[in-house]
Structure formats: C-alpha cells, structure tokens
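Take this structure, written in structure tokens, and hold onto it; I'll ask about it next.
Per-chain numbering from 1; labels A, B and C assigned in written order.
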C-alpha cells in the first residue's frame, strides 16, 4: 500500500521509463529498486560505462535489475564498438554470460544500412534478447540529413525485424536531433514519428522535467521516456500521475 | 568534535535549512543524517512524491527524520490535491498515521481565500502539526498579479493563524515568482517581504549556490533557505560559516 | 576482469583524475571505491566542507581513500583560512591527526608572494605531504590581472619547491579564470600553460563533459582533470578510453 493512498486519489501510472545507470553502486541499486523499481521499465548502462567496471559488479547489478522484472542493456555505443571491431557474436555471448536480457542496437556513430541493422536485430532476437533499436546520429551534422519520414521508415523496419521499442536518439542531455530543434519544429517532427510508428513503440530521450512535461502534455502520460537519471524516476512518475503542479488536474483520475 | 576544530575558527552556523527529498532511499537518509543532519531544520518530501512510495518506506524515513529532531512534511501540492478532492481531514489523519510532525499549506495551484487558508492552518495546528505556509503561485501568470504588500499581508495572517514559517514560492528551481525577477527587482521585493514579515519567519526557495550567496550577503548568514538538495546541505552550511570563497572573511568569527 | 573485456578492445586509461567530495557519506565512499576507485587519483574534500563534519567521520573517509591508494586533501580555502588566522602549523598537525596524506596550497582568496607560497610548500613536503599547488584567484577581477606567463612562472616555482601537481583555478564549475574565457582565448592560454609546465604536472578543473572532451581532444586522453563529481568519474574514464561517442575512434587502441 502506498503512502496517502487513503486520502489522495490518483490515476494509474503508465508508460515505459528507461533509467540511465552510468556507474551506480550495487548498494545504491539494491535500495533504489525497493523505493522506485516499479516505476522503471528498463535500465540502460550508459554508452560504454560497463566496459570499465568489474565483471562481478556488472553481473550483480544486472541480476538485481532482472530480478526486479526490468529489461537491462548496455548503451548502443558499446555494441557499435564491438561491431566496428568485427565482434558482434562475441558481444552477444558476453551479454549472455553477464546475464543481460536486452540489447540496444544503434548506428549513431558507425554507418550501417537498414538491411544490416535489421539483420543484427533478428540475430539478437534469435538469441533471446529484447531489442531496443535506436535511430538517429550522435553528430548533429549527420543527424540533420535524416527526414522524419526516413526515421519513421527505418524505425518500422526495425519493428518488423523484431525490435520491441524504437528510440529517437537525443544523447544523455535529450537535446540533440529533433529533440534539440526549436519548439514548433520539434513538436512537428515528434508528432510525425509518433503517428508513423505508434505511441507504444517509440521512446524519447528526455532527462529533464521540462522535456518530460512537454511530451506528456502532447502525447499523454503513457508516452515512453528514456535517459531518466535515477533521482528523476519518482519525479517523472509524479508528472505522469498528476502529482506535480505542471500536470495537476490535467491527468484524469481512474474511472472518473 | 569537528574536523579541524583545533586549527580553524568559524562562527556558529545558524538559519533554517529545508532539504528537498524527492524519493531518497532510507539507507541514504540514515547515512546522510549522521554526516549532515545537524545542518538541516526540516525536510520536504517534494510535491506529491510520497504518494507513489510504499507506506512502510515513507514511515521509516519520516521516523528517521523526526528522531534526528527535524520537521518533516510532504509538499503543499499533495495537500492541495487532497483539498481539491474534498478530503483535508483524511489527509491530516494520514499524516498522523505516517508519523509526520509538520505540514505545508499552500495555494500554488488551487484558488483559496486567505480566510480559508488561515482556517486550514488553525485546524492543522490544533492537531499538533508545525505549519509551513507557502505563499505564491506555481503559474507565473497568476503569480505576477500579487504585489509584495499582498504577499506580506497574507503571510502575516498565516503567522497569526499559527504558521511557524512562511515560504516564498519559487518552485524546485528557485527561479519563479520574485526569486525569478531580474536582480534589482528581486532584491527590492525580497527586502520588502523580509521587512514586512521578519527574517526569522520568512523562507526562500534557493537550491543553487548563487541564489544562496545573494541571500546570505543581503540578509545575513541566518536567512532561512528551502529546497536545498541533499548534496548541497553541507555546501550551504559552509557559505553560512564563511568556509567558502564567496563568504570567506565576510562572516564574522564568534565573539570577535 | 572487466565486463565485456573479451569482446571489446580499449586502450589503457591514463591521466590523473581528482574527484570532488563535498560531504559524501562513508557508506557511499565505501561502495563507490569498489566500482570506480581505480579511475580516481586523488580526492579533494571541497573548500571548507570537512570543517563542519565530525572528526571521526572525516577520519574514516580519509582512511578509506588512503587505503585505496589515493591522495586525499581538503580544499585550499581551508588552508588559506588557517593561514589567515596565523595557524598553518596547527593545520598541518591536524591534517596528520586526521590521516590526510596530501595538502592543497593555494592563494585564491588571500594575497601571498610566490616566495611565501614556496616556503609553505616546502614545509608541507618536509612533513611528508604530497602537495597540490593551485594557481589563480577566486575573484575574476583579480584573476584577469595574471598573464599566462605569470601563471607558468609561479607554477614552475611551486614545482621546484616540491609540488607534485599544479592546478589551474577554475572553481567548482570549472568556468572561472582561463577556463571561463571564450574558446579561442581559452585554448591559447591553456596551451601556453601546458607548454610551460608540462602535461604531467598541470591539472585543469573541469567537472563537465564538454570541458573534459575539449581538454582530451586538445591535449590527449592523459590530461589531468580535477573537480570531477563522483557520478562523472566513470563517464570521464569512458571519454579517455574512447568508449563514448565524442571520443570513439579518436583514441588509439593499445598496441595497434
């Protein structure tokens, strides 16, 4: 039972939340999951951070996340480095050994045809991983060449190949690519992506309250949000539930 | 005994500090209070965050805060939602059940006459809670209608009704309302409020060093500061004590 | 063995990293060192924060840092206050009692001739401390009077007097002094300092990714970086190792 459940009614909190773990301690993860685990859907061990941490520590954290019912995967950059070094199969095996149940497949830094990307997605699905496919480029000058319909087209192919979610690349800050455009343009492009891919499949990287608020008001509290720092997981859930000034009164109560 | 107490003299650190807890783990709170508890006066469980956390976890944290001699209360937004749902009495009872010893009463989102607000304050005092009354609006367009003398007038009524402290609303960022005005205007309005209400009663929401420094230089190290993130509690205390460059040499040593 | 060591090759991570501890709990430090200790060279207990914390707690943290093979020292501001109060000898003794193995000597707030500064450095070396000497002023108006060749001249005297590292003052934010100048000027001044003092000896205060990235691209992954918040220690190490988009492909692999 939640605190204040008797005196304050709220709607059900929904929508996927991907937390960013860029080197948390196992002790913190253990405590955190008891407080906020139910408001997290998946955990990304940001970019290549896992590569620098002892195998035993990573495996222990992964186990805690999996036991809590979450997807857990390293950042797509790590997979891209393995691919660039010609070792995607070795990477899949090491994911397995460490206990990961999911993978992010992206082409933010390395060039990759959509056919190649779909092959990798299929290969990862075959091996039992839940696939998070990211679309977009880390470098803004390469990103700007992609049109919303290019992004939608590629995302839908990723979904057909087996991806569970498709993520719009915006970096740790959530301020690159379409997420970094000025507001009118941003809303136009994101709306086109949501329309083309479906609100259930698409995820936006949005670590900050203002970004999350804009997405929730535009697309509803069930919009999928990624790159959420641990200390913002509960705050984001309050935005979804109408428990913060921004969305108070804007989110309908259950069954009313 | 403190570290470096023998070789470095400092003045007594004074002034109330309200820490913002937006979902901390009980394990963190336990460790934190041993390091920094004496520099905290009260803890606000930000806006509606407590509503999403297990009753047992909230009660356990509240107990630790109360045992450390601190006031602890949920954000005023949670009370406002209970009031909007017609359940202020139920809210008071649930505060009691969970062990809270204080309450924040605000009208940042819902319209409320000052008479109604004072009634609620009296009611909460009757039930034994220490009352933190917040003045100001969450939405800047509603806030800007209030003059400094309106704010002072309402604050003084809150104090007469039993409020221990009155807080100038500025949101988590400390950048809304008069705290968000350009500097000359900000200083003018805050000075009027301090003059009208008294430095002991009024609190400013100021999470950032620059904001805290400005308040300390203008109103002295004993100014009351709210919305302080846990990791800024010790840094704020160093500003008050002249242990940081900004205030070094500006804060008089005890008895000298 | 590190996670993903079998499938992803990276170069050796090098360069000194000074972490900023502004009031961490001993419990956090214990967990943190197991995850990231090997990517830290030294820990600074920021400015005067240690003065407000119980002696036993500070001593316990210092012991953990020393046991992990790290240098640990309070911020130079604390030493400056002791000096201004005429008690440098008492300060050295208290450092000893608390278990510190290093000291920061700066003149950011108090005026000090370079001869006096070198005397203090020699005195601290004599007593067995590793010396981190900081150059530059806390107040921008005093800082701007120093030319790059003044800074280099003073730094080299500090090194001759026994300082292990010389730090370019930039405050907690890393945005004051030459680090806060516009880009062309910043690069010009920093390059002159590196050229004059040597890349092994000089340290830059750079808490943010963009600052760290600029330094790594300009001076190589082995550049010494200070004022790194705990949660940015692993991210900084990924930048050095080419495990993050910014530096992926820019950092050469070992022996290739």
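Following the convention adopted for this analysis, a residue touches a chain if its C-beta (ideal position, glycine included) is under 8 Å from a C-beta of that chain, and two chains touch if they have at least 3 such contacts.
Every value quoted in this text rests on a predicted model; they were computed, and no experiment measured them.
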A CA-based fit of chain A to chain B gives a rotation angle in degrees, as a multiple of 5, equal to 120
Since chain A and chain C are copies that touch, just let me know if over half of their interface numbering is common to both, same, or not, different.
-> different
Using CA atom averages as chain centres, what separation in Å is found between chain A and chain C?
-> 34
Would you mind listing the residues of chain C that make contact with two or more other chains?
-> 27-28
Chain B contact footprint on chain A (complex, rising order) = 1-10, 13, 27-28, 31-32, 34-36, 39, 209, 231, 233-235, 237-238, 241-245, 248-249
Residues of chain A touching chain C in their complex?
-> 22-28, 46-55, 57-59, 74, 77-78, 80-82, 84-85, 87, 90-91, 93-94, 98, 108-109, 138-139, 171-172
